[in-house]
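Consider the two complexes below, in which chain A is the common component and chain B and chain C are the respective partners.
Moving on to the complex of A and B:
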């Protein structure tokens, strides 16, 4: 096995990186892939609670790097999917506890054991971001259709190019089709015009994301959720499938009957 | 409909136009003021060789995919070459 290392990053905080990592990791595991996700947000860990694994943490990323435990001991096995693991971030340390070369070494050790390594990057463009992209084979840049998030995504895409980690692939999260149709939200096409990068996913805004995080049960486990389907589709695209983008046009039944486009 | 009645631009268009400018300046690290002084210096240098219509000179940054381009439009005065001297 030689794992592919995928880092999810964004520049701006709060756009949905952790949710995306949890869901894509789970979707890949549902496809029979062996997956390890790593929480790169040292000091502000959250991937554990989104995955519902917070009570199982014994060792963390910094423990592995500083030699207090073996890699295997820090890998928490998911309770639902036996091929999914989490390496949690340390909560009482900061980003300087890890260096980019530590991450490369750790991922090299992991590569032979799994198919996919997903790294949840912290917000920002400093040390934590550099650690998170150091070992990446592919980088997904997450944004929301809002000016601040798009601007920060552009900065990050530029930094990835300069660091020869590009070309980045884009995930647009929290798209509200009703607002787009009303002309009050940047559309997928607008964002692609501005950022000029490849698109790998569009996630509609979905209340279920909050419900899922309340429960620690990622959305992909629920077939009905549109956001869950969109995350499933990203996983399939990562696996090389050619999956059409979801039809997010929010026309209701009446509009369809009236034949409005 | 409201936008049509009040002649107001949709906010998404607003966002896109503002971002287009912001991103160009972020990517090039050139402020509008620096661009203006670049233009003045360019006019000065070119004027050493040909006579140009300084009031009609435009210089702007344009986006082509992820590449930025500096577009200068420098109309020459009729005749082009300086006479006399």
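Moving on to the complex of A and C:
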């Protein structure tokens, strides 16, 4: 096995990187893939909470890097999907505890054991970001359909190009089709027009995401959720399938009342 | 203050020393400079150094190696000045300043006589955070996104959408123009003039902005050709 390392990053904070990593990782695992997620947000870890694995942390990323435990010992196995693992971030340290070459070494060690390594990057473009992208084979840049998030995504895409980590692929999160139709929100086309990169996913705004995150039960586990489906589709696209984008527009109240179609 | 070799100039400035490395190839310059430093270790020790590397395009490896070499000798490198955007970006990545408090010495332009129509050719898109600085004209093939900056001594032509900040005629040439397929810069400056794009709607056409009687004017390209 030679794993593909995928880093999810954004520049701006709060656009949904961690949620995306949790969901895409679960979706890949549901497809029978062996997946390890790494929380790169040292000092502000979240991925464990969203995956519902918080109470099972014994060792973390910094313990592995500083040699206090073996890699295997820091990999927390998910109870729901046995092929899904998490390497949590250290909460009591900061980004300088890890260097980009540490991340490359760690991922190289992991590569032979799993199919996918998903790295959750912290916000920003400093050390934590550099750590997160150092080992990446592919980078997903996450943005929301708002001007400030798109501006930061643009900056990050430029940095990735300069670092020869490009071309980045784009995920647009929290799109609200009703607001887009009213002209109150940037559309997918508006965002692509500016960023001019490949699109791998559009996730509709869904308040269940918050509920799911709080419960530690990522949305992909719920078949009915549109956002969950959108994450499933991203996983399938990463696996090389050609999946059409969800038609977010058609889902209005009347159609829902009339049942399918 | 003093001259030491043909390619290395050392000047005292308010913020320490300004070292200008010019002329030779980069490895040679570095070797010369380090030799220089070693010969006068007591003069350099504890110095706060800004480096002007002129047109040299430096990668992270090269610059960080020099910084390490200098710090081994008790010299703190805090700024790197360059006309190359690659070098500037490298310096920024390493957390170095790319500007010293007073403006860049303009004497560089006397040394390198630019042909009148020299232009820097840049492949786009220029994304947020990118900065292109050139003493002559600048031509960009691709979009210039919001958050990107172009500073040109001459004119700027953008074959794409111009939505970043652009300054043409940055050294005072008010004959400079800015053309773009879609002219919607965050801010447009020509020589000393400064303007923001009006809110536009509908189809956009290629436009050219120029200075006329002290005002910045943007006009559709067609009108100028007399059609």
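Just so it is clear, the second predicted complex is superposed on the first by the 250 of 261 C-alpha atoms of A that agree within 3 Å, B and C clash if a C-alpha of one lies under 4 Å from a C-alpha of the other, contacts with A are read in each partner's own complex, and residues count from 1 in each chain.
Everything below uses one rule, namely that a residue touches a chain if its C-beta (ideal position, glycine included) is under 8 Å from a C-beta of that chain, and two chains touch if they have at least 3 such contacts.
Quantities reported herein were computed from a predicted structural model and do not represent experimental measurements.
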item	value
Partner chain(s) touched by A:155 [first = chain B, second = chain C, both, neither]	both
First (chain B), second (chain C), both or neither touched by A:84	neither
Dominant contact partner of chain A by residue count, chain C or chain B	B
Chain B versus chain C as contact partner of A:190, first or second or both or neither	first
Touched partner set for A:180, first chain B, second chain C, both or neither	first
Doubly contacted chain A residues - partners chain C and chain B	151, 154-155, 157-158, 161, 194, 196
Residue ranges of chain A touching chain B (in the complex, touch as defined)	146-147, 150-151, 154-155, 157-158, 161, 180, 182-187, 190, 193-197
Chain C-touching residues of chain A, taken from the complex the two chains share	151-152, 154-155, 157-159, 161-162, 194, 196
Chain C - residues contacting chain A, complex	89, 125, 127-130, 143, 145-147
Touching residues on chain B, where the partner in the complex is chain A	3, 10-13, 15-16, 18-20, 22-23, 26-27, 63, 65-66
